[in-house]
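Chain naming follows the written order as A, B and C, and within any one chain the residues start at number 1.
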Amino acid sequence: MNTMDIELVSVSKSFGSVNVVRDLDLQIPRGQFVSLLGPSGCGKTTTLNMIAGFHAPSSGEIRVRGKSQRGVPPERRNLGLVFQNYALFPHMTVAENVGFGLRMRGTPREEIHRAVESSLRSVHLDGFGDRYPKALSGGQQQRVALARAIAPQPSVLLLDEPLSNLDLKLREAMRVELKELHRELGMTFVYVTHDQEEAMAMSDRIVVMWQGDIAQQGDPISIYRNPRTRFVADFIGRSNILSVGSHSAGSGGLDLSIAGTQIVLHSSGSDAAAPVRSCCIRPENISLHSGTSPDGCRQNRLDGTVRRFVQLGAHVELLVDVASAVALTVLVRSSPASLLPAIGSAVTLAIDPRDVQVLAD
Amino acid sequence: MTKLLPCLFWLAIGLVLAFIVLPIAVVLAASLSPASTVTFWPSEWTFKWYGALVTDKWISPFWLSVRVALAVAAISGVLGILAAYALVYQKIPGASAIMGAILSPLSVPQIVKGVAIVLFLSIVGLQNLLGTPALIAAHVVLALPFVTRMAATALANFDSSLDRAAQSLGATQRQRLQHIVLPMIKPGVLSGMTFAFIISFNNIPLSVFLVRPGDTTLPIAVINHLEYSLDPVMAAVNVTSMVFILMVIFLFERIGGFSAQLHGGSK
Amino acid sequence: MSTIALAAPATTRRRVFDNSGYIVLAPSCLVLTCFFALPMGVMIGMSFTSGQSLAPTLFQYQRFFTDGLSLAGLVRTAVMSLLVAISVTVLGYPVAYFLARSRSRWRAVVFALALAPELAGVVLRTYGWLIILEDRGFINDALIHLGLVASPLPLSKNLFAVVVGLTHVVLPFGILSLTTSIQGIDPSLERAAQMLGASRLSVMRHIVLPLSVPGIVSSLLIAFTMAASAYATPALLGGARFKVLATMIYEQVLFYIDWPFAAVLAIALLLMMLAISCLGLSYETCRNQRRSTGTGELV
């Protein structure tokens, strides 16, 4: 029994001599909210367009619920697509827009009417049926686009950066609504975005893409806690990335010698067999103790000097020089200025070995 | 059914393109066929009809058309630049109204303009202006709206921050006009002038009343001849005329490089 | 007709050059006055005279409405122009859609083919159609040869020939106008419709065509006005029996030398053009009004 709604098997796509997607293998299980996350040019939109049927893969196969989609045009794939610019038909009312998919399938008028009402209710736009897209705000138009895509009850809903044209507050509100909609409908969602906060907030699983291939995939927290490459560490959240010169097995983990320095960091729970070329530490996982060293000798301790600090409101970001060519960004909760170290003062940084993540590149 | 529609679509396009090309291909074939009546595919090729062109009957109208077209291109080019300069660059008061007045001839059919001019000239006793002078003046009236609009667009698209940069570097208005403004609007103006040349050279409705026997343009000489005979020399005349226009465009493109402007402006 | 944004650099102009703008415009204004405004005025004035004296009279206008031939000519002109407008729009639409949407390398070729005939000139193309359509021309020659007809079909010197010839002449402009209009339709609308299950035919029917209506109207208007004011093609392909206003004007000026009456015919043609332009303008303003209130159907 195939529980995969969408499978991509060794899919590649080139436009002319440009390889946009390389040998991609992707499985999207039924009912999950999966995000394709990556910077522009990583191939995520092309992948979505291939799933939708607007581009045929140069090689490889795409299957929807087990059936190969080779040669199947977009209008027969029964997938929903929410466009970045909404693409609402300007010459039709909201109700006509939402009912369009059912109309194309020859559904009887009564049923269309019911389905349209139901879809509009799901997106909290009851009673908007007679309006024209022109008369709606950006957020409302986006919801109409959503309602239109789900009305024909497709097997999978594809979303192409649908929130990127909305302002911040609206975006955050829509994230919650989208997640609720996903729970309510039980539909599989494939969501393309470059905003990692968005992906983290909504997804059951994130597929991080880079240069046409998958850099890492998994649930949001494990990707955040255990990035495997520099790119993922840097793209998701903020990281301090340090080159590792050599490493050896230490008590319950690895001892990492930071290249060009005398610093040795202890990382716990890492696999000694995997290649280790750098390590990453999230700024919020570094704690600050100024003056004399605290107790808790199992922590990694580094002495350094504060080079600058930036007030961010709820947090303060510090740049601390710990060696001649190594500076660490530290994120601490904001306090009155008198309690914060001044520029040039000596501080001791403490890092839990579990927060030192080993990277393969 | 889904396969049928694309086929119909390509078929439709193919038929329309064939429709477009057909008369031109036919004339081309006719000009090269030795037969004095036109058959579809010439059995042999000959250039004899092109040879027959080199008589005063065709050369003289051709030169007249060329002279008139050159004069029209030059005059409307200059007037167009000046008008655009006053209306767009200097933004004199009443600019929209004046621009509207300059564009107003566009809404009058050419044949009506022609009638009006010939009537006017006869009433005021200036019939001897008919022929080349009247043709030039009338074609300038025809071309001026287009050239002015093209020059005005070029000027409107001209980035005024370049002008201000030049000012801050100490250039006087005359220097700025000479070194910055004119060179940058040159492509737009030159394409306007080429356009003026072509519409003057090929013009018929405006010119029918303004020519005199012996002082006639090439297209009108051709249609006069066509009134009573379809002989293949006409084909040769027409083809030569078309080739000439293509060469003119090519030449202007060389001078002005306005295809760059075309590509820059298109999607 | 788009208006040019008449905005100049915001720098202060030296007062010395204040009047130079008017001086510089003088030659253009002179030319337009002497060779357009005055002649038009004289022509309009002349339409109110009879052939003999300069006393104002409505004689020529009465003649226009009562002599039977003039009104017939007007109607013929309108009918011919309408047929041309429809043919140009119908034939031009598929090509325009291709040019608007295609990104293949054939696009440049099709573009050149569609517009290049304009450079060949009206005469060359009309001559070509004469050769094709006349009694001893291609089509008849081929039909007789193949034994499909006994005597030549009357394909030239009539409405049919003129419509074919004018359609050919006006087609490049129609294609250009339609292409610009279709390019203004957001392509993602078509994709959205496809995702919702619409076949290509349904996409055209429900999305593209309804949204093309303004462009179609524009193309019809352009084609109509160009056809109505054409002279050479109706003269050559229409023959002596098919008279439209343009050819009638020509006759009156150069054969009958009846200038006042020619003036009336010219004014009739001009009024017909202005009426069509007004129609177009009112359609535009009607559409814009609906658009701004956001409740209209067609946008």
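FYI, contacts are C-beta pairs under 8 Å (C-beta built on N, C-alpha and C of every residue); 3 or more make two chains touch, one makes a residue touch a chain.
No experiment lies behind these values; they were computed from the predicted model shown.
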{"item": "Arrangement of touching chains [line / ring / star / complete / other]", "value": "line"}
{"item": "Reference subunit B; chain at largest CA-centroid distance", "value": "A"}
{"item": "Whole-Å gap between the CA centroids of subunit A and subunit C", "value": "56"}
{"item": "Separation of mean Cα positions, subunit B and subunit A [Å, integer]", "value": "58"}
{"item": "Subunit B-subunit C separation of Cα centroids, rounded to whole Å", "value": "17"}
{"item": "Per-residue multi-chain contacts in subunit C, two or more chains", "value": "199"}
{"item": "Residues of subunit B engaged with two or more neighbouring chains", "value": "2"}
{"item": "Set of subunit A residues in contact with two or more other chains", "value": "73"}
{"item": "Residue numbers on subunit A that touch subunit C, as the complex places them", "value": "52, 54, 73-76, 78-81, 83, 85, 87-91, 100-101, 104-105, 132, 134-135, 148-149, 152"}
{"item": "In the complex with subunit C, residue positions of subunit B that touch it", "value": "1-2, 5-6, 9, 12-13, 16-17, 19-24, 26-27, 30, 37-40, 79-80, 82-83, 85-92, 95-96, 98-99, 101-113, 115-123, 137-138, 140-141, 144, 148-149, 152-153, 156, 160, 163-164, 167, 173, 198, 202, 204-205, 208-209, 219, 222-223, 226-227, 230, 234-235, 238-239, 241-242, 245-246, 249, 267"}
{"item": "Complex contacts: residues of subunit C adjacent to subunit B", "value": "1, 3-11, 13-14, 17, 20-22, 24-25, 27-29, 31-32, 34-36, 38-40, 42-43, 46, 91-92, 94-95, 98, 110, 113-114, 117, 119-132, 134, 136-138, 141-142, 168, 171, 183, 199-201, 225, 228-232, 235-236, 246, 249-250, 253-254, 259, 262-263, 266-267, 269-270, 273-274, 277"}
{"item": "Residues of subunit C that touch subunit A when the two form their complex", "value": "186, 188-189, 191-199, 202, 206-207, 210-211, 291, 294-299"}
